[in-house]
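Got some structures for you, see below.
Paired with chain B in one complex and with chain C in the other, chain A is shared by the two complexes that follow.
Let's look at the complex of A and B:
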């Protein structure tokens, strides 16, 4: 550290171009540049590029030309409304399921796990060490028609004798829930763990029942974590196509599957670009609404926690 | 204009494929990293615009690729499609190196990956690719294929007669088959409870939710047409479309469990599928671990296709590619590949060679089909590019995307 200080000191001496004052003014800018470049290259340019391509018409063999064909938007929405709605529905269901599974788990880790806490945290994060695709393919194997799970469920009568788990909506939603659970658990855990437990004690001292204390103290304080968890789960889940492709059938395909096939198989680039653009707008709208609802500061606080 | 999409460029950067310094600078300019000008930026956005002007078949008269040092030959082929033992043999004989990449996973996806470079008239960093017949037709028609200098491939005379004059390349000026295969029905008699014989057995209500088809329409609709008594090789667009509609009906009834690519093999081996549209070579390999599985060339007939060696535009060493074609058309090398790959071998004279080492394999109808089998196989329909696109879109609708 000290050698760095010495190296910069001469340049900061009075009379040089980079005066101390100038340097102090430029430093924040310099710190922002890498992030800004990242945003421009990987977000702004792709968005503009998607919009530009989506308005072209033509065909892949003779080429596409710009024709400002705005009709592509209503057309592709009505054409693929089924998959769009299904994406929202699956992502929504999976997010609720993640919350139902994730909240008790996060609560347990934050308040009850004691010295095992770090072990549980590790277990939650552990699946990330394997690729999403590998994990999902593993589920294919676990849920095969001849597996003991399916056999057991048939014996109990939960699925009909000729029924199956793989290649159903249930498998796809379960896959999404499994794959995105850590995104829900970690923000919940972070906000619960930071909570001042003495507030709950104070509430019970003041004759609040445990349930009232939970409802009036714990839940509101976990609010930002809940919001962050819901967003972090819901947003990537809408765009997911791996689970539908590997665990579902054509009746379970989501909008991500459509975009992939429009881009790579049908080569209908404008439709693919329009659908991608619509997805980006939907996601931005959700984030904006969430920011409105609970404020940007709390949102980002919870997200980085 | 950028010569390839940015994401593909980063793709290559990450996968360690060769990228020249100049192309890096050009790419950076195109994406506005070096030159922040609006024109470069818009050029980067307009990457999908095609150039229809250069859409012309390459001239096949007077092809001359003189002998020259080869350096490194780059071959993009399908996965598990070679016995790598043959590569060192060629390398030694020609004092050259080969970079053999197994990144040709899907015809449309590979085409989508390299399309922009091709449209800009650039090379794709490969000297040989392995498109299936219908995709090879697209490359040839768009002028993306370099004709073969037949003087460098004397062994091409060993090509099976039935494969010498395909409709998309009448005199094999641009392509030589790498391997050929049969599309038929793969099934497990233990699950179906009976021997199958017809394509229409796939639609037996007893197998509801236990059969699959390919999401790519040519094989699936081709078989369905055979079941309807239509010859797929001369089918019209309307006939193809009707077959896809039939698939749609069965799908809506819940008869079809999934539409797949090569991944049907996993479901079939696991018992999730009882019967499905399948490729012959896969079944030969699957049978090794699952002896109960059967491959059926239906009574009505099966589809046949080849994956073709083709020299893409901008190849560094067409001569090198031709020496390799020549090498694998020597029955000795072709036999080594056939024994490993288990698709059917397009090279004459291999069967006799293999019979000495491995009589059982040489008798396998799926690898060395006899005339009766060959006569019952049909080629893909040849339709206009626009018709093919419409059928592709129709099939994608059926498969849910």
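Let's look at the complex of A and C:
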């Protein structure tokens, strides 16, 4: 863009090869095209191309050719139904655990923390500036068979003498809960903090009990935050494979582990592509339903709140 | 009126919240502690005494320095590209009306809501189809793709909070769009750009999943740690992780200082403005 042309041409009259009006119409286009192209070429097309790859047949050595093998979908679903169900179960349990841990924390930060509020917010975010992998390895250290915590739990009898924490479903779900807790807490906090507290006072003045006021005023007003929090926890949790890999065994593998090993180890691309395409369709369905209910803008703002 | 029951409830809430924060910090404590562990052999799982030798020699493991430098370079390049593209997209979304605006807003948001394993797998499948050789370049492509949405959302929020009249005033006074952008919009946007840069740098440097799929032979810091986790992660990794955390805390204090100074300056300047009739 040259500003020289503009200096010689009088304002509002045709200047250079473009009129001012046309230039104004083209400006948003020029601004948006590079970023948009990046997302189309490296996000949208790859996601759709998963469908194309999934229908191919062949083997890693001789290559794969398109054969419209739709049977890959029922086949991979039945072969990996165990991991698919486990993903839903682990992600669901972890989301509930995140809510149980996170809601009182968000409530406390929004209404009771007073001058400690910003410190608490900082403390919730800070651990996530350490590498995720290093944190998960640290959980290995904490849960390993001869660690202090496992020893202490054995002494008080919470786990049997030959019991263990590492390499169990509990460890994997706890790891996922730990990883995604801030994704639950921050949207909850944002929606509670925005709330008009005088409504609760009005309710109690009108003889509602504390519990009724909480149930009828606070919870509905926190609704969008709860919704966003559940979504932001559940969706990434369902695709997680790091926790199952580092804190579990193949008995705890989730669908993410299958996609990872099918793509990177076994190189059975069609199966991996089919599974990841299925996951994307499920996630898109969830997001579409959510967007219809609360709107994409609120959803995306909650994501980076 | 606060009854004893209310007080009990409030203190239970406080205890629960402190407990939750402690839970968040348990692994951090372990990471810092084990950076001082005088471990013998490959494993760093049990405490064997205090030493400073890993801090004296943080890159004393083969490949760690290379991985760390790769990660810093990758995050820096990703941030520059993502912030430039993201500011443009955000400006177009907030300051202009055009067809396809809603759809673009949706497309920008979608990668944030896609499970990382799908992002990584889809991009790998696409690179395989195109016959791309995976390495540093494919990592930059991937990292810009998944940080762009965070940049756009951060900048968009800042732009929406900005007074559009200041830009209009500049244009009424004869500034063209480019001058207005340079002298008014971008300076006012600076805190948003800073926040977006920090965010995309932090997300990029910590990424494991998408990199795991698209790195080829290139090793980033998270990939190094993952590879090492099978034979035992060396304590030097804890040193680097702790140092990075300290750096983030330092940045936060610097940012806080800037904000306080800006707030003071604004207070001083605000007093005479009513006289100007703005």
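Criterion: the second predicted complex is superposed on the first by the 251 of 305 C-alpha atoms of A that agree within 3 Å, B and C clash if a C-alpha of one lies under 4 Å from a C-alpha of the other, contacts with A are read in each partner's own complex, and residues count from 1 in each chain.
The definition used in the following text is that a contact is a pair of C-beta atoms (placed from the backbone, for glycine too) under 8 Å apart; a residue touches a chain by one contact, two chains touch by 3 or more.
What you see is a predicted model; the values in this text were computed from it and never measured.
By the touch criterion defined above, A:268 reaches chain B but does not reach chain C. After overlaying the two complexes on the shared chain, residue contacts for A:45 are found with chain B and with chain C alike. When both complexes are overlaid on chain A, the residue A:105 reaches chain C alone and has no touch with chain B. Shared-chain residue A:250: touches chain B; no touch with chain C. The larger set of touched chain A residues comes from C, when the choice is between chain B and chain C. In the superposed model, A:260 lies in contact with both chain B and chain C. In the overlay built on the shared chain, the residue A:63 is in contact with chain B alone; chain C does not reach it. When the shared chain is aligned, chain B and chain C each come close enough to touch A:53. Look at A:233: by the touch rule set out above, it reaches neither chain B nor chain C. In the superposition on chain A, A:164 makes contact with chain B only, while chain C stays out of contact range. Once both structures are placed on chain A, chain A residues 45, 49, 52-53, 140-141, 144, 146, 260, 263-264, 269 are touched by chain B and, in the other complex, by chain C.
Within the complex formed with chain A, the chain C residues making contact are 6, 10, 13-14, 16-17, 20-21, 23-28, 30-31, 34, 44-46, 85-86, 88-89, 91-93, 95-96, 98, 104-119, 121-126, 128-129, 141-142, 144-145, 148-150, 152-154, 157, 174, 176-179, 199, 202, 205-206, 208-209, 212-213, 221-222, 225-226, 229, 233, 237-238, 241-242, 244-245, 248-249, 252. Interface residues of chain A facing chain C in the complex, by the touch rule stated above, are 1, 3, 6, 11, 25, 27-29, 31-32, 34-36, 38-40, 42-47, 49-50, 52-53, 101-102, 104-105, 107-109, 112-113, 120, 122-124, 126-127, 129-142, 144, 146-147, 178, 181-182, 210, 231, 235-236, 238-242, 246, 256, 259-260, 263-264, 269, 272-273, 276, 279-280, 283, 287, 291, 296-297, 299-301, 303-304.
Within the complex, the chain A residues that touch chain B are 41, 45, 48-49, 52-53, 56, 58-66, 83, 140-141, 144-146, 162, 164, 166-167, 249-253, 257-258, 260-270. Against chain A, in their complex, chain B makes its touches with residues 31-33, 41-42, 44-52, 55, 106, 108-109, 112, 115, 119, 138, 142, 208-209, 215-216, 251, 256-259, 266, 270-272, 385-386, 389, 392-393, 396, 398-401.
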